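In what follows, subunit A forms one complex with subunit B and a second complex with subunit C.
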Partner chain A sequence: MTDLTSSGAHGRPKRLRAREGNLLGTSMALIVAILVLPPVWFLFKASITKLNAGLSSDGLTWDNYLRLFTSEALLGSLMNSVIFAVFATLVSLVVGGILAWLVVRTDTPFKGLAFVTTIVSLGTPYILYVTGWLYLLGRSGPINVTWKLITGRMDNLFDVNSLLGMIAIEGFLWSPLVFLLLSATFRTANAEMEEAARMSGASVSSTIWRISFRLAFPAIAALAIFVFVRNLESFEVPALVGMPGGIDVLTTQIYEGVQRMPPDIGYASAYSVAMICCIAVLLYFYGKISSAAERYAGITGKGYRPRLFKLGRYRWLGAAIVLANFVIVLLLPLAAILWMALTPFVQPMRLASLRYVSLKHFENVLGQSYYHGLFLNTVIVAAGTATVVMLLTLFTGWVVARRKAFGKTSEQLVTMPLVFPGLVLGLAVLQLALVFPLPVYGTLWIISFGFIIRYMPYGMRYSFAGIMQIHQELEQAASVAGANTFEIIWRVVTPLLLPALASGWLFIFLIATKEMSMPLLLSGPGAQTIPVAMFDLWSSGQSGEVAALGLIWATLMTILSCAFYLMTRRASAKTFG
Partner chain B sequence: MNTNSFLELKALSKTYPKAGEGPSGGVMDFNISLPAGTFFTLLGPSGCGKTTTLRCIAGLEMPDSGTIRIGSEVMFDQASRTAIPANLRRIGMVFQSYAIWPHMTVFENVAFPLRVAKDKSFSRNEITEMVMESLKSVNLDSYADRSATQLSGGQQQRVALARAIVRRPKLLLLDEPLSNLDASLRDEMRKELRRLQQTMGITTIYVTHDQSEALEMSDLIAVMRHGVIEQIASPKELYFSPSTRFIADFIGTNNWIDATVAEIREGIASVQLSDGAVIQAKVHEGAPATGAVRVAIRPENIKIASLESPPAGANRVDGFVRHSGFLGNNIRYSVEVAGGEVVTYGPNGQPLAPGEPLSLWFAPSDAVAFV
Partner chain C sequence: MSMRPKLIVALAATAWAFAVPSLAADQALIDAAKKEGSVTWYTTLVVNQVVQPIKQGFEEKYGITLNFASAPWQETSFRIINEGKAQATKADVFDSLPAFAAINAAGLVQPYISGAAKDYDPAYKEPTGLWTANIIQPVTPAFNTEMVPASGAPHAYADLLDPKWAGKMAWSNSPSIGGPPGFIGGVLSAMGDEKGMDYLHKLAAQKIANIPSNPRVVLDRAISGENPLVLAIYNYHAEISKNQGAPVDWIKMEPVVAHVGLVALTKGAPHPNAGKLLIDYILSDEGAKVMADAGYIPTDKNVKSSAPALTPGDNYKIFLVTPEIYEKKIADWTKIYDDLFK
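Right after this comes the complex of A and B.
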């Protein structure tokens, strides 16, 4: 076949075409390596560099690691991090999991509310949610105010700046995503598996326990690890909730190391390297378990029909749970944020306070050019990042899917940034920027560069999954018709991949506009993104502006996340992870 | 109550509120009574209600009305509000997707019905013995320790069957079990299913849309369409005396000739073709004595007069060859006759050329006229 199809008048010799593919493979591997490896190297180098008072290098040392492992701070913050991550994961798994099961597998009413919650939370910056929760659970929030009113005491019922407060807020923060991912798992489950158990004589409870739960277990376990890693890396909640209460976790330790005067970059870098190692191990297990989950999902028949459990007289309970989730996860924090945006300073929700209500914060945000600049910056960075990432992953995805030269290497390099917490990647890119010959530090360029590295793995999921669905014969037909590798990718693969590329673009755009921790270390005075600006405003006590800015921004982003949701509703939600 | 029957369905109905496009599915007023040991097939195109009927018997679907009795036990009765849950009906079932649980070994999959049994507890030895016996009957006894994910489609199918029969149920339900297998495996499994059913003497209800499966395996077939039974009959009767045009078309290949009724006497109609020729065909009761009809004749029942001379009383039609196709063991002819084009087969010696005139004949008992 080789000779007949590849050396006709139109075709070029096959060798040459294979060489084109391999050339592309090699170049993509090189490009990705140039993007990913330098930050890693600079981070590692900083962790073993001895700095003198003038911040210049003073030889190599293991001191940073010695200090790290002998200090009590590591043990304490590690403990806090683990407790925080474990329980926050549990909260979001329980809340999101029960909700997903109710919505996908039962006939509970109000299903739409669960999706509304998810869509809105996909478009809302985490920091906005966190400030809403801080108000609700804080000193002037309804819970503590009511408590004081009833008991007449002066102390608070609930101290939000505690590990418990952090766990609750982080848990609620992630539950919409857990809901989305698990509802995909439940939706693709084969109902015949359960019916076979019923026909074998198993009762309903025994079927749920011995079949439904066991079948979903790998997917749930993989998701648990994923959420656990995200919680370990989380910075918003530890910084806003934990730090004021003196509760340190790994990420806040790194942040404090950098913020210290003089900055303790070496120590922070050693911390980061240690953290990357932990996460790498966790992600290794994540990969193992999720491939097991796919194997389970692989055995489904075409006879699949969605069949719902009838809740019968417990239908009201299902309705109550869905409704409660909607109120707690979406309505309450949004109401709190709206209240903050409408009042000049933080105060309890009381009728008497209604006379202070004004649109002043909104006017400020909409009227000042500083805020206009923020909107523009954020859109430029997010759109630029999404475009570059999808282009890069289109080519890398093809090279990997079609097993061209260095495909495996490219794949590993592209997915490597998954092990970087946002703050750590920020630190690594920061050090790269400081030695870069051009003055990029504190510009949108360096923020975009960091984002591109950070979101490549996500873009890859969309591109790779999309390319795997394109039958290779479509490309071979183009090749026989005389197209070269670039023409094949541009004229056959890209048009077919457009829906996947568009979903990936929107997803990356949305998460890039939400990300706070990485740009926090890279932003300069003229180059802030909205979440960073919100953090600054919050730190300087301007909670009203934070709320107004956040609400306007979240409204815009919710429109985009609606579009994203509609586009991907049919696709597997695996692409989110 | 018919006491001779093992399974009885009376006035069973289950309809779905119409959702979206396509047939809404469901079944209306289904009545059947089966003696023990019958291989009974529900045959029909998709959306005809065959799977709904099966799932009602299984207990996976709640009928709107009617009665289901298995043996001496009433499983469902709308009037007395009886509905035994699926897991207490002790029915074996094989699903279309096999539904082999991937988190269990082959042995554990088959042992599951014994482990969750409510009415009886099995000792470890009993379980091992029964599972191995069941696996042996489907020739999978050497696969007991395999993980279910390491099985091919055909093997999964066998495991599903072993799991369905391990408790020796009195009733076995098979929901399109062969539709996911490739052709050669399907033929083999047909024989094996039938053999197993006969050696166990188990009453079996088989759902399929494949008429050749139904004809080969069944004792009794119910052809369903739009939720109602069109005909319940043995495979032979269904093939040679279909009661409706739908069945004549759905089962096997048929030739159709347009004609007009001249007269009907004792179940035999004399019909006239457009060229004036008159032929005889069977008609079902209640057919109108005048008007247009279509006559169905199986290709294998049409003979070429020049090769095989017609007996007295045979129907004769004249036409010419439109097309001949060499099939190896014989030749297939498309012949244009008055009122339609018919297919027939001839020996592979010297084929008739297209355009050549020829005369065909068939027995009146092999032709059925439908309105």
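Right after this comes the complex of A and C.
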């Protein structure tokens, strides 16, 4: 390969290109390290520090680790955590995966509905969603009430405050993410192989199983690990659904520790440090999968627009699945939320309650100027965060996928925040902000900063998964044509990656608009966000107003994301057209 | 002492007649506060019920901007303690008893004796001005009136041991006075340590659901019928919902555990004078009226709660938990909760 090093007019020297790539790799690793390591350091320090009432250090201690590993509850909650995370991941993968494949790769009807479901449910704040589900599946919800009416029995059909309830709700909560990510994967899958299989006489089902599924396997496996880790780390569902039923998982232990006064930050931090070690093991396997992924690159220099499977006489089945998903993941919980928004207090759905229905909660929300400022704050923080994260992960993703200098390091660093429970990361960032030389404490800046750290792993999944699908030959061609590294990324990779980048941006934007635990700690006077206000309303028993505010907010987010979705579709049509 | 309130009333009336600014806050303080220009309040109170009306009233009256940051007491105390540690204090004023206990333990409370609380009951203020109570928060059980007829509702602690309540009751998991520890404190103070512990062991066998939220959310579970009977909620919340038509009522299980809701000044407050002025305003009749209008129980004798039956004293006996009792007892009560009920 020495010929390229001396190439003249047409190519850039390989060594120069390699140097540029490594320079980029080193810079990205540095930037990411500056973002991620200080909170990790604070976390570790907190885990071995004894605190007094003033939250100042009273010396060092290994007590927190001792307590963690000798705690009686540890084994039980560890078991619960693993069962919860494994099965919730399966639910998300099955629901989101089937839907993504149907929508992207087949001619099923109602495709639009799947996107509507996804976009609206991603825009709906968790606290609202979970409340809606709890209501539906709860003791006095329509399902159990109907069951009791029909059977005349006193016991419930379904106890939502159980592992099963947690798994179902968490699974549904994350299936839209799986749908979004896997539809990007399926969209760029190489259809030629499927067609070759079909022409060689393979049936639809064996083509799906032996070609489509195998091709998508690295992406699915990577996603599965990602969702699994997220479920392990999640605490909304365990807290809201599990704790009332006495189901303890690891995160609810942290939550309880942090809720105490003086807060048990040391224990929570020790837990997080231990989690980082576990995740490192998972990431090792993830690395093995992704290093083999190049063999699966679908976007090559050849035309790659995938063609659709004809479902034929099974079209009704596709339609039924898309519809069922729409009803279960979107319509039912939204109906429950709407019911809450229209009634002055939470009550069973029944005719007799209709006399209470009013628009009062909506009027209250729309009439208060307090909320208008919050809307703006939230959008600014979320949009800023999404933009910075996608830019950062575009470059980092490329460095990692193309194994430039410090690629492995960058990857580990970017993935690290995944293991921070929101509240713990919030704590670390808060302490950072207090000692930071600029007056960022209590401002929107510091909330964005926390969000950027927290959502980098999410952006990375989109960018990295997208780049893995792009065969290097396109970049090599660009390089031979004289493009430098920056040009390659900006003019070759970015346009091809646009659908993935856009999905990632949208996802982070939506998830940032509903994150609650971090802004709760970081927002100062005049820098509050909608979820903080919603939490405030919710915890003061105004679930009706929460529901109204949440619905208005979800509507706004849906309009925004629809506009965004159409925009990126046009852009990607231009690129691939 | 008995002459004092009358004198105040007379003075206030005179002041009103001549339309001079309230006597509760003296002019020098107002001037100094205006010079500071703004005040920051870290609050655990409900924003649209209480904080917004106070903000509006205060800003209109003094032309000083009131910024607030709303969060539960844990986050509020976290932030103030962390700010204090970094010598970057932003909060001037804060509220809530458990937050006070945490912040005071960190040595971050600035005493201030407010003139507005001059005629308050001495039980509602700390003599050196560390805190002044603006509301009373009685912690009681409540039940769903559609699922439980009034005759079937429990009236005494012993009734809670009835097997029909097994698996049906809920309370919050808040390690605070408004949660199980407060209830436990009430039981121990009513029955004495030995009998009380015996009772609590039996109660634990009833499998009470621990709801990871505050008393208000627990009350909603009674209203929606998730749990027909809930322990340790604030009785005025039940009253507010009842007035909206919710099928709920609270139970006078005497002595009712009650704690104070309070306001305090932060040590190192960037706007100390505006902070004092805000405390004066919250404790004044005007501030108390905001609380009463929202359905709360003010400590200010001149302002009556909107539901007279809520006011303790004549209506029911209370065991009042002050910050001093709280600081002494909360760790023990929380430990009992952890050991028996979790």
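Note that the second predicted complex is superposed on the first by the 347 of 577 C-alpha atoms of A that agree within 3 Å, B and C clash if a C-alpha of one lies under 4 Å from a C-alpha of the other, contacts with A are read in each partner's own complex, and residues count from 1 in each chain.
We take it that a residue touches a chain if its C-beta (ideal position, glycine included) is under 8 Å from a C-beta of that chain, and two chains touch if they have at least 3 such contacts.
Every value quoted in this text rests on a predicted model; they were computed, and no experiment measured them.
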Subunit B versus subunit C as contact partner of A:V435, first or second or both or neither: second
Partner chain(s) touched by A:Y356 [first = subunit B, second = subunit C, both, neither]: second
First (subunit B), second (subunit C), both or neither touched by A:G59: neither
Touching partner for A:G312 - first (subunit B), second (subunit C), both, neither: neither
Comparing the two partners subunit B and subunit C, which touches a greater set of residues in subunit A: C
First, second, both or neither for A:P495, with subunit B first and subunit C second: neither
Subunit C-contacting residues of subunit A that also contact subunit B: none
Subunit B - residues contacting subunit A, complex: 58-60, 85-88, 90-93, 95-103, 112-113, 116-118, 148-149, 156, 160, 163-164, 167, 173, 175-176, 180
Subunit C residues within the subunit A interface of the complex: 40-41, 46-49, 52, 67-75, 77-79, 81-86, 88, 90, 98, 101-102, 105-108, 170, 173-176, 207, 209-214, 216-217, 219-220, 223-226, 237, 241, 244-247, 334
Subunit A - residues contacting subunit B, complex: 190, 192-193, 195-203, 206-207, 210-211, 214-215, 217, 295-296, 298-304
Contact set on subunit A toward subunit C in their complex: 53-56, 135, 138-140, 161, 239-240, 243-246, 252, 255-256, 258-263, 344-348, 356, 364, 368, 370, 427, 430-431, 434-435, 441-442, 520-521, 523-526, 528, 532-533, 536-543, 545
